[in-house]
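Letters A, B, C and D mark the chains as written, and numbering starts fresh at 1 in each.
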Amino acid sequence: MAPRIATSAADAVAEITDGSTVLIGGFGNAGQPMELIDALMECGATDLTVVNNNAGQADAGLALLIKERRVKKIICSFPRQSDSWHFDTAYRAGEIELELVPQGNLAERIRAAGAGIGWFFTPTGYGTLLAEGKETRIIDGKGYVLETPIHADFALIKALKADTLGNLVYRKTARNFGPIMATAAKAAIVQVDEVVQAGSIDPENVITPGIFVDTVVELGGEK
Amino acid sequence: MSAFSTTEAKLTRDEMAQLVAADIPAGAFVNLGIGQPTNVSNYLTKEQGVTLHTENGMLGMGPVATGEDIDEDLINAGKIPVTELPGASFFHHADSFAMMRGGHLDMCVLGAFQVSKDGDLANWHTGAEGAIPAVGGAMDLAIGAKATWVMMSLFTKAGESKLVEALSYPVTGLGCVSRIYTEVAVFELRDSKVFVRSTHGISFDQLAAKVPVELTKA
Amino acid sequence: MAPRIATSAADAVAEITDGSTVLIGGFGNAGQPMELIDALMECGATDLTVVNNNAGQADAGLALLIKERRVKKIICSFPRQSDSWHFDTAYRAGEIELELVPQGNLAERIRAAGAGIGWFFTPTGYGTLLAEGKETRIIDGKGYVLETPIHADFALIKALKADTLGNLVYRKTARNFGPIMATAAKAAIVQVDEVVQAGSIDPENVITPGIFVDTVVELGGEK
Amino acid sequence: MSAFSTTEAKLTRDEMAQLVAADIPAGAFVNLGIGQPTNVSNYLTKEQGVTLHTENGMLGMGPVATGEDIDEDLINAGKIPVTELPGASFFHHADSFAMMRGGHLDMCVLGAFQVSKDGDLANWHTGAEGAIPAVGGAMDLAIGAKATWVMMSLFTKAGESKLVEALSYPVTGLGCVSRIYTEVAVFELRDSKVFVRSTHGISFDQLAAKVPVELTKA
């Protein structure tokens, strides 16, 4: 199905309900779907499980969702930053659950969900605190930890362009988690600078095929 | 679900393909298996906006290529030259099968040697002594898509039903088939029952007498 | 290290020795590195384990390697074809070992090797002859089979273009196994129509980054 | 391997970076961790032809961006704006960590809290009561590259050696470190031994007295 072209960021996230698991793209500001996160803030959905590389920074975006206690659990690789004060406060108060995952395992678990892989053995984290309680195996003398896929209800992603069939291209290191998150969510919601006609993206250069994209919202170019 | 219907004549292969095509929901992402299912693409309408996937790495596959459009780098899973439609995309084999295995295709349509009443599929290997086995993407296709439909003749040349209680041929995938199109009937498999949606050139009772599984009129 | 630019197909495959495991790209004729396979035939290496989607067709390429009994084992998804007579003969004579793998598991096992994943649980093949003797697990009510990565010594791949740093782009469905095979081999040997200067392929459009490519040979355009 | 050498003065941080840079083989693919290791890039020469990887999805990373070259879509793992060199490539996070985990990088250079004589690395978590843990790519980097080098000061502020018999801090990766650059010595870990390749502002004997693991002159 060609994606729905939403009229606004608010329209794009309107179906996100309480208790949803939401993958949020971005690494630093690159690829961060800030307008969609703001719209998620506005739409009122709560009890969210959020998957992101970080746990919010300063007083914007994901940090505000955490500040307002809308996130019951966060799955991320790097929560503690100089400006992660809203997470820090919520965490110390025991008001947010943290699942800490090495960044590459986080990416691979998201990829596995999208790719229909059940569990997989990864060497990353073997012998560490983050493997405690997990099944391990020694293969050819090397230790591996069994990890599970991370499935989600929604993904919020920022891409550079979408065509009307939902094919996406990204820009530089803003690509980061977008392509894998699009595959792991029941519904991928994508903000783009520009929507172009089907056929205007070279099929060789499509990064996320439209099959993975459910909703697109065009939010114009440079912020 | 559609109510039971019947027609006087058996379906031709083209009519079967036409019926399958008409049943595919608008906007679906579909993989058509090699052989008879490929014929379905001839009956998909532009208005349906169905996107075809080929497991050798493409979404947005167009019709078979002819004349100058033939390009040996642009083929389908049956290794037939095809064309690409606007909005197509190419990807590598791992991504292509991830797309399938991850449940992103709405449907695949496959041929079959046998289907069991529980939707188990046999279509890759006769199990015959001395046969060289080959599986290709059959097992991935069977269990990957959200829905797997089968197109087959209902009876073998020896007159035996290919819709069976339990497979006697080697399994391709367990519990994966939800619909079967044959020249004499269309079956829907759900809730551990086999519903007959339509019969063609045969009555429901005649059919029920020839098929060794319990049938229910849809 | 920037890849070695070989002077000929023979030069490109010169390091392949007896007993090597060789991944060979291609699906049908698309992406099949025919000149590299011919050169492998010429170079005399034997006792090979070959990984390809098929087991050779007609009287060319891989089929000839099999005819000459240079392949002790083949790992593939679809050996039996109307024109696979050399494989058929060798197999019936018990002179070639066959490991039959569903095509998606073949691709995923190659990808796992390149990605440093140990073993993984895949739903494909569960409950079938091809899962016999393998560890299985039921996850959320669905059956999975444990599969292993396929590591190789060499990969023979055909791409459209390489730049001098080994970055590759492919053409249409000729992409197929190339990108994953490049990652799973100790040495990826690539035939291309054209070698271009580093910087002439847009970094957004690189399909195989040069880090995976060891040897490139330019064999000109259309055959 | 280099024979043992010694210099009069401790190495400055820049000298350490310079030394690491000089030791990186020509043509290597390298990931430089956040913090002190990033400084190594300033001393890599064009002739070395080293390609830098950043785990947020790029090979062929150039120097830090300044002025008009700053682009918020082009950053390194430390979220600092960087530039791209001719022949760069972009890829997504799963592909990027696959590249690392699959052993395709020749080397990564990391900071550390502690390294054990067996090459166990601790650099992600002090284990302190109440500390909020964060791991990022540390565990992937530690075990992913073909070789992992560490840059660290040899002693804590309290004067304790960070090169230890066994880690007291939480593990990042087991048996992964093969070389340690410090301001007073360079260590090579191989064959279950700790070799001292050079000392700086300290004699081998003085060093051996302060470090609680058995040292061997290279």
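Going forward, contacts are C-beta pairs under 8 Å (C-beta built on N, C-alpha and C of every residue); 3 or more make two chains touch, one makes a residue touch a chain.
Here the structure is a predicted model, which is why all the values come from computation and not from measurement.
In whole angstrom, the spacing between the mean C-alpha positions of chain A and chain C is 33.
Put simply, the C-alpha centre of chain B and that of chain D have 55 angstrom between them.
Note: centroid distance chain A to chain D, computed from Cα atoms, is 29 Å. For chain A, the set of residues touching two or more other chains reads 108, 111, 115-117, 122-123, 170-172, 203-204, 207.
Residues of chain B in contact with at least two other chains: 58, 84, 90-91, 94, 98, 100-101, 144.
Contact topology of the protein chains: irregular, matching none of line, ring, star or complete.
Contacts between chains, counted with the stated touch criterion, involve the pairs A-B, A-C, A-D, B-C, C-D. Within the complex, the chain B residues that touch chain C are 54-58, 71-75, 79, 84, 90-94, 96-98, 100-101, 125, 130-140, 143-144, 170-174. Those residues of chain A lying in contact with chain B across their complex are 1-2, 111, 113-117, 163-165, 167, 183, 197-199, 201, 203-204, 206, 209-212. Across the complex, chain B meets chain A through its residues 26-29, 49, 51, 53, 58-60, 84, 86-91, 94, 98-105, 144.
The residues of chain C lying in touch with chain B in their complex are 27-31, 77-81, 84, 87-88, 91-92, 100-108, 110-111, 122-130, 143, 170-180, 207. Against chain C, in their complex, chain A makes its touches with residues 108, 112, 115-123, 137, 139, 142, 144, 169-172, 202-205, 207.
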